[in-house]
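Each structure below is given as C-alpha cells.
Two complexes are shown next, each including subunit A; its partner changes from subunit B in the first to subunit C in the second.
Now for the complex of A and B:
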C-alpha cells in the first residue's frame, strides 16, 4: 500500500536540463516544489574530478551515467510486421540516469532550430506543392515560431555558457558565423572555442568548395565565465573527455553545476533521488492530474506524491512512456492514424568519412565537445533546392574531433584486419594521421515510426516496456546519399593518402551501435488536440495541470542536436506557468 | 603560524618594493581569479570544490587541506607554498608539479600572475 505524502504545488519528474530549469524558476517564484529523480546524486567535486572521470571502461562501456537496462528498457522493431525484442544493452542512444540527466554526459552542441522546422509543412507546401510531401510522411507545423522562442534561446545560451560566433545579428550577416542562421538579438555569451588542426583543414576545404564553414556553437566555456545566475565556469581544457563524461573543469554547461544547486538552496525545494515514478494519477474527471506514484528503488517503498501541478521532465522516451502508462491522451494508432500519444517518433541519420594523411599529427586526444567546424549549406540554407534530390529536411556537415578517446578511437583504413598483428601495425601507423568529416541528418516523421506499450515484455516494476517501431524511409535514404556524395567530394579535394568514403545509411536501422541520443517526438506539440499531445506551452491538451517538457514535443527531428530548443522550451514553459497559468489555472490555448 | 605571518610580512614587503614602478593590480587580479573560481573557493572555512579551498595557502604545505583528495604527485611534492612557488605553479602546473591533477593549462603572462597573486594574497589575509 503506497504511503500518501503531503500535497505540494509542483512535482517534477526527472532532474536534467528541463527539470532543473523548471525547478529553479518555479522555486524562485515561491512555489513548493518536489523533484523526483530515478538516478543518484552526483556532484562535480566528488564524482567528475580527475583522475577517476577519465575511465573509458566505466563511462563508455559500462555506461556509468546512463540508464540501467536491467531495470527498464525498450523493445525494438523496424516495422509493425516484426516482433519487437527488448534492448538488453544500451547502444544507439544513451539516456542519462543521475541528477543532471543526459546533460551531464552531453557534448554541449547548442543550436537554434528555426521556422524551417516549426513551419516545415507550410514552407514545403508553399515552395514545392502539397504533392511533394509523401503520403505517409506525417509532417506538421509545431504551433510555435522562432520569434517567440528567440529570447528563451538567448537565456539558455547564457545559462549554459555557449561559445560560438553569431552569423546573423538582427538581420545583418556577420563574417565568420553561420550565414544561414536565423536572426539573433545578440552574440553568444562566449567567443568560439580554439579550433584544432583537423577542423581548420576541413574549414579550408569547405571554403574552397564554395561552402560556408563556421565554428560549432557549444556549451563548452572558451573562457572562464560567470553566468547571469552567478554559476561559475572554468575554461575548457580541451581534455578530449566530453561526450559520455562529466566535466572535470566545470567548463561544460550542465544543470548539476548551474540551475539545480540554485533550486537546492531554496527552502521550498526538495530533491528525492532514487525515486522511480511509475505513473501520473488522474482525478475522476480525467481533466486534471492529482500527483504521481513512485517507488524508492533502494528499498521498494511505494509513495503517492499529490501535487497541484505535474511536470514530466524525464528523458524524452520516458516522458512518452509515462503518458502511455498513465492513460493520459489517446494512444496513437498507425493504421487508422488516430490518437496522439506515441506519434511521430523520429531519430537522426548520418554519414561519415575518415581521411588519412600520412605525416600529419592531428593529436586526436585533444579536443572539446564543440571543436568541430560545421556548415549549414544543405541544412538551414533555404536557397538549397531540394526538388532535384527529392527529399525533405537537411543535414549539417562537420569536420574535426569530439571525444576521440585514447582507447576507443582507432581509425584504420577499411579492409584492415580487425585484430592481430596487422591491426596493431595499422592502428599505430594511422592513429595520428586520421580525421573525420561527418554529416548529421534530419529524420522526417512517418506514420509507422511510433511508440506504444509492448504487449509481452515488462520492466522491474511489472509495467509494460515501451515499444519503439522505427526505420529510415526513402526520404532519409535519398538525403543520406546526397550527404555522402558531398562529404566524399570535399574529402577528395583535400587529397588524403587514404580515404574511407562516406556512404548513406540504407540498411534497416539497428539499435546496436551508438548513433546519437537524439530521440524526438511521441507527445508532440501543435495547434490542435486532434494532431498533437500538448499545446505550444507544452501543456497537455487533456489535463491542464500537466506539462510535458523535452524533445518528446518535437513534431519532427532536424539535423541539429536537440538541446538548444529543449532548454529554450523549458524556459518558455516556465514563463508561461509563472505569467499565465498561475494567474488563471486552466488550458492556456483553447482547443 | 609564526612562519605564515612572517611569509605574509615578506610578501607585503615584496609587494611594497614592487609598488610605484609596476604595482600589481588587485582589481584585475580579482577578475583573473574567475579562471580559478569554478573549482576553488578562497574564503575561510568555505567548502572544497573540484579544487581545494585556498584560504591560507601561502606558507602551507602542499596537499594538506582537510578532506581534499590530492594526487600522489601533489602530496609528494614537498612544497611549502611561497609566492614564488605559486607563481611557477600557476604559470605551468605540469612543469612545477608533474602529474598533478589540476585541469588547468596555465597562465603564461607574468603580469597576469602578479595581479592574480596580489588579489589572492589580499583576499586570503
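Now for the complex of A and C:
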C-alpha cells in the first residue's frame, strides 16, 4: 500500500531544463514545490570533473548519463502492420537519466522556431493551396505565435548563455547573422564562438554558392559570463567532449548549474531523486488531477504525493507515456483519426557528406558543442519555393565538428578496407584531414506515426511499455534528395581530395545507430481539444491543474534542435501559471 | 602479413596450458613458461591490468588473440592487436557489466524482428561472443579442418571477409551480422578507448591518429594550431589521477 504524503502546491515530474525552470520560477513565487526525478544527483565538481569525465567509452558508448533500458524502454515498429519489439538497448536517441536530464549531455544548439512552424498549415495552404498538403499529413497550427514567445526565447538565451550573432534585430538584417531568422528584440547575450577551419571552409563555399552562412547559436559560453540569475559560467574550452558529457568548465548552459541550484536554495522547494513516477492520479470527476504515484527505486517503497498542480516535465517520450498510463485525455487512434494522446510523433532526418583534404589539419578534437557554421537558405527562408521539389518543411546545412572522438569518429574514403594495415593507414591519414557537411531536416506529422501502449511488453514496474510507430514518408524522402544534391554541389565546389557524397536516405527508420534525441509530439498543443492534448499554455484540455511541458507539445518537428522553444515554452508556462492560473484556477483557454 | 602467424606450426600457448593443467609434472614450470611461446601476449611490467583472462576460456582467448592480431597487424603505425591490449580489453568488457548486459532490456517474448528494430537476441554480449566464437570455429573446422587461431593469414582474411559480408552463415542459427558488428565494435573500442580499460596500451591507438586524449583545454590552441598539427602529447585518465 502506497504511503500518502502531505499535500503540496506543485509536484514536478522530471528535473531537466523544463522542470528546473518551473521549479525555480514557482518556488520563487512562494509555492510549495516538490520535484521528483527518476535519476540520481550528480554534482559537476565531482562527477563532471577532470580527468574522469573525459572518457568516450563510458559516456558515449556505455551511456553513463542516459536512461537504462533494462528498467524501462519503448517498443518500436515502422508501421502498424509490423509487430513492435522492444528497443533493447539505446541507439537512435538518448534520453538523460540524472538531475539535469538530457540538458546535461546536450550540445547546446539553441534555435528560435518561428511562425513558419507555428502557423505551418495556414502558411502552406495560403501559398500552395490545400491540395499541396498530403492527405495523410496531419499538419496543424500550434495555436501560438512567434511574437508571443519572443520575450521567452530571449529569457532562455540569457539563462543558458547562448553565443551567437543576431541576423535580424527588430526587422533590420544584420551582416554575419542569419538573415532568415525572425526579428529579435536584442542580440544574443554572448558573441559567437571562435570558428574552426572546417566551418570556415564550409562558410566560404556556401557564400560562393550564393548562400547565407552564419555561426550556429549554441549555449556554450564564448567567454566567462554571469547570467541574469547570477549563475556563473566559465569560458568554453573547445575540449571536444561536449555532446554526451557533463561540462567540466561550467561553460555549457545546463539546468544543474543554473535554475536547479537556485530552486534548491529555497526552503519551499524539495527535490527527491531516484523517485520513479508511475502515474498521475485523477479525481472522481476526471477534470482535475490530485497528485502522482511514485516508487523510491532505492528500496521499492511506493508513495502518493498529493498536489494542487502537477507539471509533467520529463523527457518528451516519458511525458506522453505518463499521460497514457494515467488515462488522461483520449488516446489517439490512427485509423479513425480520433483522440489526441500519442498523436503526431515526429523525428528528424538528415544527409551528410565527408570531405577529405590531403595536407589539412582540422584538429577535430578541438571543438565546442556549437563549432559549426550553418545556413538556412532551404529552411526558414520562405522565399525558397518548395513547390518544384514537392515537399513541406526544410533543412539546415552545416559544416564543422562536435565531439569528434576516435571510437565514434574515424572518417575514411568509401571502399577502404575495414581492418588490416590498409585500414590503419587510411584511419591515420584522414582522422585529422577530413571534415563533414551535414543537413538536419524536418519531419512532418503523418497519421500513422504515433505512440500508444504496447500490448505485450512491460517495464520494471509492471507497466506497459510505450509503443512507437514511426517511419519516414514520401515528403521526407523528397526533402532528403534535395538536401543531398545541395550538399554535394557545395562539397564539390570545395575540391576535396576525396568526397564521400551525401545520399538521401531510402531505408526505413532504424533504432540503430544514433540519429537524434529530438523526439517530438504525442501530446501536441493547439487551439482546440479535438485536435490537441494541451492548449497554448501547455495546460491539459482535460485536467486544468495539469501542465505537460516539453517537445511532446510540438505539433510537428522542424530541422532545428528543439531546446530553444522547449526552454521558452517552460518560461511561458511559468508566467501563465503565475499571472493567470494562480489568480483564477481553471482552464486558461475555453474549449 | 606473411610473418604474422606461424602458430599453427608450433606448440601454442593453449597447448602448453592444456598440457600443464593435464599433467601435474609440468605444472610447476607453467608459470614461468607462460610468456615464452610465440604469439603469447606481451605484458609490460607495471603497466595496465594484470595478465590473464577473466572471461575467455583458452579456446576463446586463442580466437580473440588471433582475431585482433589479424585485424590490427604490427606495422609502422602501431604494435599488433595483442600488444595493444585488445584481447585484454575485450575480455574485461565481456567479464564486466556491459558483457553481462547490465543495461539490456532482457524480457521476452523474443522474436527476430526486422533489421530496423535493432538487437533482439536473448543473449548478453558475453553470451553472444561465446556463441559466435564457437560458431566461427565450427565453420573453420568444417572448411579448413582447423580452428580460426590455427589458420594462416590468407585463410583468416577469408573468414573475416565472410563474417563481415555475412556470406558465412552459422549452422546453429546465430545471426552472423550481429556477431560481427559486436566483434568489430569491441576491437575499435579497445583501440581507441582510454587505456584504463586495458586496450590502447601506451596510447598506441591515439598515437596512430594523433588524438591527444584527455588534455583538452583548447581555447588558445584553437587559434594557435589552426590548420597545424598539435605537438604530440598523449595523456590518459591514469596520467592525471
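As a convention for this text, the second predicted complex is superposed on the first by the 589 of 591 C-alpha atoms of A that agree within 3 Å, B and C clash if a C-alpha of one lies under 4 Å from a C-alpha of the other, contacts with A are read in each partner's own complex, and residues count from 1 in each chain.
Note that a residue touches a chain if its C-beta (ideal position, glycine included) is under 8 Å from a C-beta of that chain, and two chains touch if they have at least 3 such contacts.
Quantities reported herein were computed from a predicted structural model and do not represent experimental measurements.
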Side-by-side fit of subunit B and subunit C on subunit A, or clash: fit
Subunit B or subunit C, by number of subunit A residues touched: C
Subunit B versus subunit C as contact partner of A:237, first or second or both or neither: both
Partner chain(s) touched by A:424 [first = subunit B, second = subunit C, both, neither]: second
First (subunit B), second (subunit C), both or neither touched by A:68: second
Which superposed partner A:457 touches (first subunit B, second subunit C, both, neither): second
Which of subunit B and subunit C A:44 touches, first, second, both or neither: first
Touched partner set for A:224, first subunit B, second subunit C, both or neither: first
Touched partner set for A:480, first subunit B, second subunit C, both or neither: neither
Distance of closest approach, subunit C and subunit B, by C-alpha atoms in Å: 5
Contacts on subunit A seen with subunit B and repeated with subunit C across the two complexes: 50-51, 235, 237, 239, 249
List of subunit C residues in touch with subunit A within their complex: 1, 70-73, 75, 77-78, 98, 101-107, 109, 111, 113-120, 157, 160, 164, 184, 187-189, 192-194, 196-197, 205-206, 208-214, 216-219, 221-223, 225-230, 236-237, 239-241
Subunit B to subunit A touching residues, read off their complex: 34-39, 48-50, 69, 71, 101, 103-105
Subunit C-touching residues of subunit A, taken from the complex the two chains share: 50-52, 54-57, 61-63, 68-70, 73, 76-78, 82-83, 85-91, 194, 196-197, 235-241, 249, 360-363, 365-366, 405-407, 410, 418-421, 424-425, 427-428, 431-432, 456-458, 507-512
Subunit B-touching residues of subunit A, taken from the complex the two chains share: 44-45, 48-51, 223-226, 232-235, 237, 239, 248-251
